[in-house]
């Protein structure tokens, strides 16, 4: 089936070339980073995690959201998702690959990455994150690929795949929970030290992931010759709406706890985020944008008439995606380090190289995603229409 | 050699998942028992007796530190080849001085005596009893020795910087770039660190093994730093701590820091 | 169908892929009825001057071979090793990776491991090792070598006449090892001792004498073509001309004889005639070169060359500009890959230019023979034909890529282009079964005889099942192809596996859709079946 | 046509032959002198018994493994003394013990390492005695 | 019966390997044998390899390619508005080069592999790229491993070898670091071997040589990896020996151990046997006429050097037989009666 990713229209190849170019640029800068060290990034002694880890955190959420398709279809027999569970699984696969790559490019000594397996420390959450992410990657590659193969051959999927799919449901929850534990288990970082971190992660994941899926489905409908079905898209939109609402609620809960209790160690990062601290305001506009986008999207999504229109729906989904990317990608990791344990406020600005590498990883992820979706769409197309699949182009 | 076996027992129960891998990833897994050919017979008379303890700790009498004194830092950084990049972003430091308010954020109020708030106590790795950095390290590159010293194994560190996030004291520094060219005078008896690993104070364990006190303690002309075994009731540090009031940094976090600030 | 009884489809499909109890060298060959073809009649061998004509059958114990048969074969192998790099190379470099194994329709249809191309080749490779390699001479069985015995010869006969030379294995082989090449050499060797099948040799003898496989004599050809012209008049009210042996025509048209002598090929032939009439082509049939197909390909390179000779001799005699070839599979293998080399150069002809559109067929510059679908596709592209695809609305079509145009020519788009312009309901079969991965009809290479019926149905099963899938999914009722053997044998195959699906040539589809000048309102298609909505 | 065939075949064969005989002509037939272990350092000349920690054969083949074991034991177990097969005791220290005698790293370590194409990473961190003077 | 035979074949290949290993051990024990092996046999083996390989290629090349028989796996070049596939169905030399590059570097044809199965009385063709994946991995690794060995055969070491080795050993696993290609090589071999042993059809068609080839390469790999990671040898001695070879001043290595002699013997058996074995596919693939020819048969005439004359039936003979009938049917004829004086000239 892989060969299906190797033939496509002109637009497909332009898109592939674009992604590949971005990847190569990123790779070039990664070579520079290997040579120079992580000092090439904007990270510092105080802000020791930056864009890379933030992307990792955000993408774990995207990966986990595949469960939002699998669960309704396999546990509740919600038929409308039948055609697109594979899309969710492939989204998960490419997201997890991006996650792993982001952790990899964040390592100071990537050549020693195998030490995590050679000298594992079971007390380390990072070790367990590695375990759950790898496991999740394998589960989704296997289930996605096997189901698509069976679809293509028009045979029923093998019996052993079912338990694996059921396993993927708690496993999806686990990847984001364990990732949240990376943060929420640290004693000196008041911003992260909250039990609601994992639920918050999951809620935002179940909003941003399905939002991305909706966008992808709309793209596939317009340019990819694949229609996921209005029913499935609307169902996804409802999931996004509820998850978004819950997510906003969780943030508000957090804000209440922090501000009403007034505990300085917990409060200061939030002040930094939304109002700036001691004149440091880098993230303030971003966070307000994120908040406004989230509320706007919520309004669109809860009004059925607006949600039904695909343009509005697309806008809302983009808003959700951007909002949560900002919230997780910028607003979650960095403020944990602000102020530093010694009261310093260093601000963090990613460097060009860092952004290039980040883009490179995204590009590779989207390259993989595009390839998967191309294969998927080609398989569906040849099943649904059968005729005229020839590419007679002059 | 016992390293392999002990490590294995420690981790075996919980790392069943990875059990498949050592065979593949550790071709030298069988370890080199052959190197221990004979039983130890005698020590070279010239080799000094190491200093040992049940739990090493340090007491800092910050009041004794003159405002502009940097003796301990200079000694430590020179000895350990700590580079100076000249910018706070890439900065690496093992021991340095901070404002009282930043060292003890919870121990201040608007009316404290100037004699306190003007203090700039030296800070360093606290060699915690219950170190969060050791807990989070995915490879065991940061580990705690039996004598309480929290050690870095620079050969094993992958540079993930989880320990930096976990340390509530900001005691850890990352080698964001190559350090060698930024060390004014190399001490050939102590290695530099490769770029990409995290480093910090090691309580001069290399000196303890040769029977010497930590460099900062030795360098301090004011005798402001007292180093010893807190579990030894007769040790100097134990006697001081029993006699005087002391603070530990952010002790409410439960890490159990082993640097005691005397007031 | 044949008088032979074969099991029902649901029984035949129960195929076991388990390996036999005995190693393949120790597994005897059993000539089970329905799985082999009758030996060539002595009169045909004599007529062609081939060795060892005699009455015999493969099921006989005694094959009446010449005393020195082993030497003849070994010498024949030696000669061919020196003449064909393909043969020597393919004997040497196979690593037995098995990628070809489940690509052969006969293996899929029988589960007999000797039908895996790799093992089919090992049948002869083992003998090659024994007599032509040092390692084989020294280590014998350990090196996979074995003596050439009468049992080995029988095995060769059984399995080389159980290969349709379709080249599907070659597509998947990492070194491009082509079992068709090996089978061709294998059959040549068998020919040397007079072991050949009548269904190959008789058409060759016929073709040698009368110019076509069916042995139709000149008068018969003319009758048949005029009969088809009358049929066209009945259906359309247009009177078409049938020029025969016309000197000085622009183009000599050569079609497989199946197209003017057997349904459903005749409808395709009507399509040709209507097309040529409509565009006013100055062309001619020939009774001397009345056959495009070439069963010599299934016997030996020499016989192939011998009967291919006429396709160049006749245009020279008639003084035409170039040659147009009809819808035929193995004919085009020969024309495309062998003719110019064997009987060329055709420097007495002109580079082919379509007299209607002025298009130069660059890819046929040297051989000077153009495939009818290339010719027609060019006409359609240039808007020279008035087509009404709605007249094919009663047809739900799928298209079978015939092995030879697919894997020895690369002719995929031309027929599809014609189909898309003449038919509104076109459904492709599963992608693993079309284009270069197409499955054989199961009866090519001279195996389309009735006594071989079980093996035909087994070998054609993968093709038939792919058709059945589109029948189930899209209600397909017609199977298009561009090969005369297909039109003959797929009909039987469909009757057995997928009743209700008829077979047609692409130019029959065109004939239906072609709006001719001065024609009557059509109420039926060329077959006389009513059009939809009429 | 025919000539063309042989041109391609001979080109292929030439590439093959040049490829597999590459080592024969790469060195222009000059026999390199295998690096001798240079033991001529002031420190070694002071030794009464010129003997390394373990016997030469062992050191030649397994020094990297010894160093790896030393590294782990010294850093992780705090065991800093190594008792050799003959009962002598040494400090587990690359720069202290090994380079203490073999103070000529370039002539002792590097020569061999370069000869067999080995690039150890030890000196990324551990300091070569000579380097201090620079 | 069949099962027993298969098992014996597999066992024999293991025994053959064991025999070579034992021979190597014996050689290691005897000084004279060591001298003969490293100073004489080494050159003989290399000569056998070089001459044998070239001989095989020339032998193939001597046999002409009488016909142009490319297997076409894509649309031919025909009408200008039909998109041709230059790689799967090349029309010119460039396309052929591209197609061959695809076969040689990417195993293009194997990438097409599928798996046919009968599911509920219906054949299904599943995608199956494992053979492609592991095959490619094995071959690429083998090539890189061989290139890395140039460090023993060149002085000063060719620069790219150092770069290659550090890239290959990028992941710092153990000391000396584990090469990824070593792992991949062994993984590939395990896959290829297990596949042969476990898949009944493959086991059925596999010969002793098929198992032996895999086991021989595996033995080379295992002894090599052992020498690197478990039982280190004195590389100085080895390089002195190998450099002695390539400078025609052979020397007998000092103490190197049994393992090294095993490695050496396995390698020698491998390269001496290679020209006589199926491993010649590495050279043969370049000559495969179904892949290395352009599909331009009708545009450019291919010449058969031995184009044999055959008996043909001329039009004249044909008309002689059917003339009456043709005249009767109104088909034009060349002459109206038999016994025409003019004789047709046959060409």
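Order of writing sets the chain letters: A, B, C, D and E. Residues in each chain are counted from 1.
Rule of thumb we're sticking to: contacts are C-beta pairs under 8 Å (C-beta built on N, C-alpha and C of every residue); 3 or more make two chains touch, one makes a residue touch a chain.
Nothing here was measured: the structure is a model prediction, and the numbers come from that model.
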Neighbouring chains common to chain C and chain D, by label: E
Reaching chain E from chain A through chains that touch each other, fewest steps: 1
Chain nearest the overall C-alpha centroid of the shown protein atoms: E
By number of C-beta contact pairs, the top two chains: C-E
Most widely separated chain from chain A, with each centre as the mean of CA atoms: C
Chain of greatest Cα-centre distance to chain E: B
Distance from chain E to chain B - Cα centre to Cα centre, in angstrom: 59
Chain B and chain D: spacing of chain centres that average the CA atoms, whole Å: 34
Rounded Å distance between chain A and chain B, as computed from the means of their C-alpha atoms: 38
Of all residues in chain D, the ones touching two or more other chains: 62, 65, 68, 121
Two or more partner chains touched - positions in chain B: 25-26, 28, 194
Overlap residues in chain A, where contacts from two or more other chains coincide: 112-114, 118, 154, 392
Of chain D, residues touching chain B in the complex: 54, 62, 65-66, 68-69, 71-73, 75-78, 80-87, 89, 91, 95-96, 121, 124-129, 131-132
Touching residues on chain A, where the partner in the complex is chain C: 154, 382, 386-390, 392
Of all residues in chain B, those that touch chain D in their complex: 1-3, 28, 31-32, 35-44, 47, 50, 81, 143, 145, 147, 151, 153-155, 186-194, 205, 209
Chain A - residues contacting chain B, complex: 36-41, 43-46, 48-49, 103, 106-110, 112-127, 130-131, 182, 185-189, 264, 336-337, 340-344, 346
Chain E contact footprint on chain C (complex, rising order): 10, 13-15, 17-24, 26, 49, 81-89, 92-99, 101-103, 108, 113, 116, 118-119, 122, 133-135, 142-144, 167, 170-178, 181, 208-211, 217-219, 222-223, 244-247, 287-288, 301-303, 305-306, 309-310, 313-314, 317, 335-338, 340-342, 344-345, 359, 361-367, 369, 374, 377-378, 381, 406-414, 417, 430, 432-433, 436-437, 461-462, 465, 468-469
